[in-house]
Amino acid sequence: MQSAFEDVMTKLNAKELWDFPGGIKPEQHKQLSNQTPIDKLPLPERLYVPLKQHIGLEGHVCVEPGQHVLKGQPLTKSMNPFAVPVHAPTSGTIINIAPHVAAHPSGLPELSIEIASDQQDQWIPLQPMPDYQQRGKMAILGAICDAGISGMGGAGFPTHIKSSPKKTVEFLIINGIECEPYISADDRLMREHAWQIRQGIDVLCHLLEPQAVLIGIEDNKPEAIEAMNVACRENPRYQICSIPTKYPAGGEKQLIQVLTNREVPSSGLPIDVGIIMHNVGTCFAIADAIFSGKPLIERVVTVTGQAVHKRGNYWALIGTPVAHLLAHSDYKAIKQKHPVTIMGGPMMGFTLRNNDVPVVKTTNCILVPADRELGGSITGDKEQPCIRCGACADACPASLLPQQLLWHAKAKELDKAQDYHLFDCIECGACAYVCPSEIPLVHYYRIAKADVRIEQQEKQKSDKARERFERRAKRLLDEQQAREEKHRLAAEARKQAMAQQGNDAKDKIAAALARAKAKKAQLADNTEQNTTANQAKSAAVTQANTPEQQPSDTPSTLQGSADDRLATGASANDRVQAAIARAKAKKASAALANDKLNAEATLPASGTNAPSSQNIETPLPTESASARKPSAVQAASAEKSKEKPKNRVDASKNTNRVENEGIADEALPKASVSNPLDEKQQKIASAVAKAKAKRLNNASKAESSQTKAAKPDTDENKAESVRAAEQIDSSEDDTQSDALNAKKQQIAAAVAKAKAKKAAQAAEKGE
Amino acid sequence: MKRSIASNGLILSAFALVTSGLIALTYFGTAEQINQQQQAKLQGILNAIMPSQLYDNNLVHDCVVVSDQPALGSHDAQRIYRATLNSQPVGVAIETTAPDGYSGKIKLVVGLTTDNSNNVNIQGVRILEHNETPGLGDKIDLRVSPWILSFADKTIESDKLKYFAVKKDGGQFDQFTGATITPRAVVNAVKRSALFYQQYQQQIFAASNTCLQNKPTVLTLKTAEE
Amino acid sequence: MSISIALLAMAALALIFGAILGYAAIRFKVESDLLVEQIDAILPQTQCGQCGYPGCKPYAQAIAEGDAINKCPPGGDATIKKLADLMGVEATSLDSAHGQEDVKKVAVIREDECIGCTKCIQACPVDAIVGAAKQMHTVIADECTGCDLCVEPCPVDCIDMLPRPNSSAAWRWQLTPIDIKQVS
Amino acid sequence: MHELKQLSWQGLWKNNPALVQLLGLCPLLATTATLINGLGLGLATTMVLIGSNTAVSAIRRWVPNEIRIPIFVMIIAAFVTVVQLLMNAYTFTLYQSLGIFIPLIVTNCAIIGRAEAYASKNPVGLAAYDGLMMGLGFTLVLMTLGGMREILGYGTLFSGANLLFGDWASQLEIRVFTTDSPFLVAILPPGAFLGMGLLIALKNLGDNKMEAVFAAKPKPKNVQRARVTAET
Amino acid sequence: MNLLLASSPHQHNKRTTGQIMRLVLYALIPGIAMQTWFFGIGTLIQIALAVSTALVTEACILELRKRDFERSLQDYSAVLTAVLLAISLPPFAPWWLVVIGSFFAIAVVKQLYGGLGFNVFNPAMAAYVLLLVSFPLQMTQWLPAQSLAQYSHNWLDAFYTIFTGYSQDGFSLSQLRLGIDGTTMATPLDTVKTSLAQSLTYHESLQLPIFDSTVSGLNVAWSWIAFAYLLGGLLLIRQKVINWHIPLSMLVSLFAITLFMALVDGDRFGSVLFHFFNGSIIIGAFFIATDPVSASTTNKGRLVFGAAIGLWVYIIRTWGGYPDAVAFAVVIMNMAVPLIDYYTQPRVYGHRERSNKKEAKE
């Protein structure tokens, strides 16, 4: 089991350490960059601050483009504890809030705030709290959170969450290992700012109240160890531990193992074994936030590699494009035949898609190697088959069996890969480093891990979809039953009505209307999408129950009576209403005939909410733009309905009747004399028309080559569709006054085309 | 449940009866033929190692069983088939074992006769069973090599015993290239069985025929000294 | 005689074992997880109908009754492989008559073109479209299975099937080398 | 008729018990040192297959599900024993050289496999035919493998034909070549494994080739996409 | 501007597969030199034959498999296989023997299983086993060391014998095999096995002329060769080309069992020295059992693997049909490797011992 606190302390006091399995000893190359003090960079012109730079959620943007911000001003805020704000790194103007290539191996754009520096670098008023010991812990945590501090070592876990553990903390470990080759940011930071780091540790101690504080530094940084020793001299609780240089000693789990011989349980956190670990950079940032009130807007970045001349460490503002850093460190692109920029170290860093990527809170190094500097082939295209030499297993710090993982990852046997503890891989790269076959092992693991995650997500999604589908099926079944019940009631009502026959055409219409409404209202009721459905339903039921004429009339009778109504009707509203009524009546009778309703009935059903003209003004609880839509639709359908009596055909696109081509011509004048329609209606109508034209076009193109017999027809169709398209095109340039006419024509043309298409289809079928 | 138990039990039982009955019928139908075949096979082997003109009895049906004889190399019961001409002893076919084969025991049968000067003539030798290395030691098998035929008509003379050996040991029999142990084992086994026959000839022929018994009694042989 | 004893022994043995089996058949009966459920759990639940069955469950039923396992384009090869494992048959390639495996898509309604006809709402098998009559509709992207059943009913063609946006959080780590240009 | 054709195709090639189902490997690998041995075992297996398939099919209506396996096993065991006795009686020498592998036919999964998968669900005639075809398929593989191994290992073909067909058949033996150092591994069990593996590979190669030929003209299939929901 | 993309780690160790294989080849040089010194130039001819056959075979099959054979040939794995096979054959074995073996090793054992990294069996040893079972005669015709031979032979003789079966002067191979005492010479292991079978005691058989060393039970030639290979093997461990686990556990387990058996019955069972330095134990422990592809890959597994080989070697040598057994033992244990690997998985960081499987299932 885990070693007891006393045992650990005894061993540490005796300057003894444990070891972790595996590990490698790559060439360090730290001298390239750790010889000079941390340098300041000139202010960049533009900064790109990604909204999310840590594990967790992104905050809400609280600035807008054009706004002038001061250095240190928060750009996002959120009440969510997992959201850490970002701050303006310098004073300037917000240019844009848009996706910008992110500091992520994918190079996918992420939402970033672009700031143009005003070169003033003017601070927002700062609120330091040097008296933190008098404040409550919550206040300190709040300050840390508001300063935007997240872990600066690797993953970027929000610091304030890590600093408010629910369990007792035995060890606070400060990670100053920096085990990756080339990087020396923490090294320089410790050498130059040991004092502030110690202050940060003080703050953390105040928050965490650990029983011991261990500061782990690799023994290849004697100066840093010395500096920290000096800084921590007055507090004997702080123990500086010199760790043997071995990669990846700086890994959280490995460092814990080396210092305390404890193992973080798989899928657990260090706090599960009584340990909290913070990076030295984080400590420095905490000190900055508490004692100067400065948010985390800059960090030390190592710029190294043989392709740059002025290698060293720089204070880089968060959001500084890498290109800016490279420009000021004398980057010689010529030294790279295959230019590569690595963000992070050579072992775990990732290559950048381009150099516009901004520095983020976790960026500790920009490595620009010359060709062949890193040995082997960087793209991994020299991959050879695994010879099972086992060097990877010997190097793995987590005691995994990398080649088994590789085997299963390659074969996409994700279950087996997980049996071999795929998710315990820390992606340190030690296995791939030693692999003689140059297999990019870690890459395969990452792909496999991503696949597993995606698979899990999809599994969840499909479960949800199944549930929703089943629920919907059940609902539809219930509706069907309810509908049948209604039918029965309606039939009874009809029988009653038979007894007292009336001959009035208007009554007929009313009866048809009522029946239609009854049915559709019931649908609307069930879908619960309409707030007024209940009302309509009750109205319809009332109507249906009133003694009325027998409904077994054919559609033509109904239409005929509607014609009468149309002829006598004076106002436009009446006509519209009549048309709707007719359409509905027809559908209703068709439905009656089949003794079932199509789901499409919802459309007219909504119309039943208010069959009078007032419905246009009926306020609906949606946005203003779409509120106008219903009226437009109704008008459009009225228009359609009007054509029907004249031509004795159904203009509805859902009927299967074959139409003749004359309709279009006839429909045109008809349409043009109808009521003035407002702009919106026209738009919708034209949209419908366009859509139809598009479909027709596609259809006729597809059809044209199919059969010779159908050819004349289809050609004609095609010609017509082209004409329609021209009309549409030209109509868009028309003036306001012409627009009305043009739209009408378009609609008519579109309808005609739809019919032509059907005709063509029918012809084809006929063959 | 009871019905399930009863019906399943009965059905299975019925099938068992039928199938076993079928086997029983076949067995009765073929038993005679099988027996004949086995006799014929034995007869074939015996004929190959004991020329049929030398005797007039039914070799297969005239045998004694000996066991635990160091000269015959095995603790198993081994048969000695007796050949007689006009009821006079002519020779024997002895089942014997060479325990020192390269890969374990080699079982063989040796046909022996005696000549006037009581020297033993070897009429023929056949290997019954062996596990010798294929390609090396398995040349003792007639199917692989005719080497075993070289024993035919060899005589074991008391004063020339040492020539009855493989060439490497200074004898007259070829060894195979790459394998000496196997032929040496076979030669030695043949030699031992011949000497055994020479020694116990009288007792073997004096004993009663046990071949037709179900469990033949094992013949106990007495050495000359006793 | 010995033969009849043998026969009787066989019969008795068979009787005993038959009885044991008869007992076990009743006593240890297990209701196994229905095959259909297991198949259904593998299918991607897009309910797209490309297999020729109205929904995933009916197709699962059909597979259990012996239909081919390679009719599910949304699931693609991965699903076929799992089905093959489950059914103990050879994994075949996707039957192209049913369509091609495509990137995961999501339906998006072009809002200013939507006329609020609710047809897509009717068509959606998982109720992933919300909206009321004559109101603009919208797709709940998280619920959309990408089945594209809503596309055709739309009278104004305002629904697009767009690939699901690639986020760096759900990135598959496919590093495709990009042509190198000289640094200017 | 179509059914019979299908059965033949399944048994001889598509679902060959030895090459595809990989059943009955134990006798298959052990007895195929020569072609004639393979033929003998193959014929014995075929006889058992036909007999057991017929019997199982004939009694299939009276067999309760729970005890079908024991019943099948008994039937198969009975047939094997019968065949064994018959071979012992009438092809004694072949029986001697096949030895233990005749009783081992009982454990040849191809037989119980066919009983369970086909005979117990189909009428007698078809079941018998299936048994014949599966048996022939098995025999063919045994003969091929035996022939391959015999040529490589002994340089002969049809040696020992007299064991099966009587003395006249000894002249069937063909000596392909003579060598002092035959390729012994071919007639040893490892050779059987290697040969078997190569045969399976060849079969798959043939299948792939055939598939490529037939796939050249895929018949266009029109699939009606089912609507989960009503189309408006 | 687009930059080159790659996956981490970007830094690599310099040693590639080809280099590892080459290092193994270099480490074989002392042993081969010693073998040539004692048994003549035949070994070198065999190596040349084997290597060229192997390379041609590998190239052809890779071409058939539509792989890039140029790069694959550069990994030296085929060369290594061929050399290992060639040095285990009798130096004057006929040419077709090594050609068949080499072809089988590459075509069947290696490429049919999927090529480098996928072969279950050690190709050289599987081929050796094939040859031994198929052609036991040719495979056991070892010459006496030149100092013991009745007829001396030069490189031309070797050449002639390998290709025609007769030396320049018309001596057949069996004549060449005659020792100074006029008897055919076999390997020491063979000799002892034969004499034990002849009911001689172990110590009696050590009196035979083949044991010409001052140390009891050793043959000068064979032990010098073994020492040379030991040198190369230690070099490999020092270079970290191979791990120490397999050689050590194999030698220790063989040591333990030989010591035990020799103590139990010194007349029937050979001494430790006899077993270690007369035959292929050393080369087997350092060069053959350590073949990474077909050996166990976990450290615990390697210990088991090596120990089991040691045990098998002894069992087969003592009670089996063949005098030497390294090839059989290695091939047998190759089959057990997946099992060994499965049960010797190291405890993964953060998982408690053993119970991890169960946890994962729950």
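Here the chain labels run A, B, C, D and E in written order, and each chain numbers its own residues starting at 1.
Here is the rule we use: contacts are C-beta pairs under 8 Å (C-beta built on N, C-alpha and C of every residue); 3 or more make two chains touch, one makes a residue touch a chain.
Keep in mind that what you see is a predicted model, and the values were worked out from it rather than measured.
Steps from subunit A to subunit E, minimised over paths through touching chains, total 1. For the pairs B-D and B-E, the count of C-beta pairs in contact is higher at B-D. The chain with its C-alpha centre at the largest distance from the centre of subunit E is A. A centroid comparison over C-alpha atoms places B as the chain most distant from subunit C. When each chain is reduced to the mean of its CA atoms, the one lying nearest the mean of all protein CA atoms is C.
Subunit D and subunit E have centres, each the mean of its CA atoms, that are 40 Å apart. Annotation: 53 Å between the Cα-based centres of subunit C and subunit E. Each chain gets a centre from the mean of its Cα atoms; for subunit B and subunit C, those two points are 71 Å apart. Of all residues in subunit C, those touching 2 or more other chains are 14, 17-18, 21-22, 25, 47, 55, 117, 119, 122, 125, 173, 175, 177-178, 180, 183, listed in ascending order.
The multi-chain contact residues of subunit B, meaning those touching 2 or more other chains, are 4, 7-8, 11-12, 15-16, 19-20, 27, 134-135.
Counting only residues that touch two or more partner chains, subunit A has 105, 338-339, 351, 353, 379, 443, 446, 469, 599-600, 603. Residues of subunit E touching subunit A in their complex: 1-17, 19-20, 71-72, 75, 77, 115-118, 243, 292-295, 297-299, 302, 341, 345-351, 356-357, 360. Contact residues on subunit A toward subunit C in their complex (touch as defined above): 102, 104-106, 108, 110, 333, 338-339, 351, 353, 379, 412, 443, 446-447, 450-451, 453-454, 457-458, 461-466, 468-473, 524, 527, 529-530, 599-600, 602-603, 605-607, 620, 622-623, 625-626, 629-634, 653, 684, 687-688, 690-691, 694-695. Taken together, the subunit C residues at the contact with subunit A in this complex read 40, 43-47, 55-57, 78, 112-119, 121-122, 125-128, 131-136, 142-143, 145, 154-158, 166-168, 170-175, 177-178, 180, 183. Across the complex, subunit E is touched by residues 100, 102-103, 133-136, 168, 177-178, 180-181, 184 of subunit B. Within the complex formed with subunit B, the residues of subunit D that make contact are 59, 62-64, 66-67, 70-71, 74-75, 77-78, 81-82, 85-86, 88-90, 92-93, 96, 181-182, 184, 187-188.
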